[in-house]
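Next come two complexes built around chain A: one with chain B, the other with chain C.
Here is the complex of A and B:
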């Protein structure tokens, strides 16, 4: 099964929020959707499930356009955490509603998992703490058994215990390869280690599509000092300079090969030392920001 | 997962090293069963595809054996390093030695480091 989005446009109050958004998504895959607050992450999710009607483009599952084949919408699940219609309902009543919408809804799994967090079926959603409300939203989404599940800022403002619980639930849900997740976050670091791919939503569209493990495998951050005052051209050509402190330069090489390593060492640097690479480095280099000028998403 | 020495690596590479380290330290014994990909993913809070990739690498390095239908087990025989792996390690060792010499570290200290690193689990 495959979900394909092409040329998706959405205007709200005359303003373009999404423009020409395209993506491919398969079960078994966790996609991180990263963008600043207001970048359009939630709008994208709402448009994918037709909560907002798109102004252009297509969302299709296995070639069936969801606009003309609404039966196929059951393959997508999005519980909009900022517009929950069920706050006054008990968990049992909420599950009954979702079981109508999603024939594959797994009640047993929902209540078994809910019991792990002492969430009894007669508890009302609005009586729960913020963290447990987040757990319920994630559980509802995953127990829908839809092959494509979207989670909107599932970790936002939650403590470590709840965060770990939600990561475990999501990891468990994709492990058999039958479900794919699209997780929106304004903070790339929250998705580190979890997402297979990261999509950056910027200027109304998906600006980059990265596989983090591949990036991290190839990229190297080095601290270098050369004998000459002028930085060798090789460094400028192959890498991106993150920081200069006197003669000490910190450089990110996105594709650090053995060949490049040999060439660099042939220049006889006084110092060549590998530094820990975090995702913000890869990110910063993408947007021409130097170290110190912190830039999120 | 939080070993500071490995933070520049991809997550699957870190997991490979972590398991290798646990094998050499005797924390994981030959024949011992590893958690399933799903359980390891939950335990390490990692994407299951990342864990699966690490397990594949460990199998290729003959640190673990996959018994179909039963799971993954720590190999019962110590793997003899393969020629290609040996050559690659030798090359990395040579590069490191250059850096050590350039930094002016004396051979006695290097021998001490070597004993410390090789000593665990022997």
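Here is the complex of A and C:
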């Protein structure tokens, strides 16, 4: 099974929010959707499930366009955490509604997982703490048994234990390879630990689609010190400067080859040290409008 | 389709039961009142002996003065459904009673209106629409299933009201004193159902497409306030054009349509069908990013046409002798037309002024 998004456009109030968004997604993958505030992450999710009608483009599952074959939307689940209809409902009633909408909904799994958090079926959603509400939203999404599940900021404002619980649920959910997750989050550390791919949403479109494994093989984060204060052109051209402190420069090289390594060493840096690379560095290299925190004319 | 029905039945069942309970209670109350009134009138009625004495006295005084038999007199006096209306306000489809609680009861249409507001408003403002739009269900099916379920509940409530009312009357009062035919009962059910369905569809569409709760409240109050008068005015206009009856002689009303029974019924059903179809079209094109604005953009033209017709209906002017005055009937329509034009061009005006402001710096 494969979900394909092609040429997706969405304008809101005359302003382009999504432009020519394209994406392939298969079960078994956890995709992190990353972007600045207002980049259009939630809009993308709402458009994928038809809450927002796209101005152009297609969303298809196995070649079936969801606009003309809505039955296929059963393969896609998105519980919008800021727009739920069930705040006054008990967990049992919520599950009953979801079980009608998603015929494959796994009630037993939901209530068994909920019981782990002392969430009884007769508890009302609004009576739960923010953390447990987030857990319920994640459980509903995962127990829908839809092959493609979208989670919007599932770690937002939650304490360590709930975040760990959600991470554990999501990792378990894709373990059998039957389900894929698209997670929009600002919590890059959490995403870094679980995502297979990272999509950067920038200037209304997916600017980069990174496979983290591939990236970790190719990309290198180096701390460099050169003899002179002026940075060599090679560093600027081949890398993205993440931080500058005096003469100590931290640089991300997305495609670090042996050739580049040789060229860099030929510049005879005083210090060249490899640092652990994480998603925050990628995010900074993608979105930081300065050069290592220093504005250039 | 079955799953959509299941989903909405789970959601609406309490509201549907409440609707049926309210209607049954009202009909039961009316029936109880009528039974009590009947027995009170029967207890206070003149005795056969006294009646015969009065009749003999009258006969002795004036030979032409004719008294009907005591039994006929009692039947005429105690009949629940009595002939009360002028011939021009009469139709064989309805009993000739002015009392709305016995004939076409507008309360039931208002109840259907409130029911429509509640279920559609709850779905829209409670974000259930948002959930459903994201599921596997086709929008058109969702729309027609929920409208069909609500509409069926409304028709069932009208049937129930008549069963409770007529059943209650037959249980508490001897049949010969009731004086309503099967055709008239059918006529009441048919007409009230059409009226209630139209009210339900209007309310349902309003609550589904309005962006804000206050908009729903404002339009609902305006509709409930003026609907009776608008229908009455259009009925009068129809009677004048088709039957050459002046408004003063027509004496009809929403609940007592007289010769406009069938036209009013057809218009109500047509209005319900038109608005329902427009609603289906709009729901299929609904995009929820316009959550804070009026959601009727695709339906604006239909909406404006209906508003203009409605405004004209409110303002129809009659001369002192009950004849239609065209020129005097245009005030509200013209004001409404200006407001509608403003609404139509509002986004462009806002964009224009924004550009001007930006250009100035």
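Some observations on this one:
In this section, the second predicted complex is superposed on the first by the 232 of 297 C-alpha atoms of A that agree within 3 Å, B and C clash if a C-alpha of one lies under 4 Å from a C-alpha of the other, contacts with A are read in each partner's own complex, and residues count from 1 in each chain.
Keep in mind that, in the parts below, a contact is a pair of C-beta atoms (placed from the backbone, for glycine too) under 8 Å apart; a residue touches a chain by one contact, two chains touch by 3 or more.
None of the values given here were measured: they were computed from a predicted structure.
Aligning the shared chain A places chain B and chain C next to each other free of steric conflict. Once chain A of one complex is fitted onto chain A of the other, the partner contacts of A:50 are limited to chain C, with no touch recorded for chain B.
By the touch criterion defined above, A:72 reaches chain C but does not reach chain B.
By the touch criterion defined above, A:244 reaches neither chain B nor chain C.
In the superposed model, A:12 lies in contact with chain C only, and not with chain B.
In the superposition on chain A, A:84 makes contact with chain C only, while chain B stays out of contact range. Between the C-alpha centres of chain B and chain C, as viewed from that of chain A after superposition on chain A, lies an angle of 150 degrees, to the nearest 10. After the two structures are overlaid on chain A, the closest C-alpha atoms of chain B and chain C sit 28 Å apart.
Residue ranges of chain C in contact with chain A, taken from their complex: 3, 6-7, 10-11, 126-128, 130-139, 285-289, 351. Those residues of chain A whose C-beta lies close enough to touch chain B in the complex are 28-30, 164, 167-168, 171-172, 174-176, 193-196, 213-214, 216-217, 220-221, 261, 265, 272, 274-278. Against chain C, the residues of chain A that register as touching in their complex are 12-14, 43, 46, 49-53, 70-74, 78, 80, 83-85, 96-97, 100-103. Interface residues of chain B facing chain A in the complex, by the touch rule stated above, are 4, 7-13, 37-38, 41-42, 45-50, 53, 95, 98-99.
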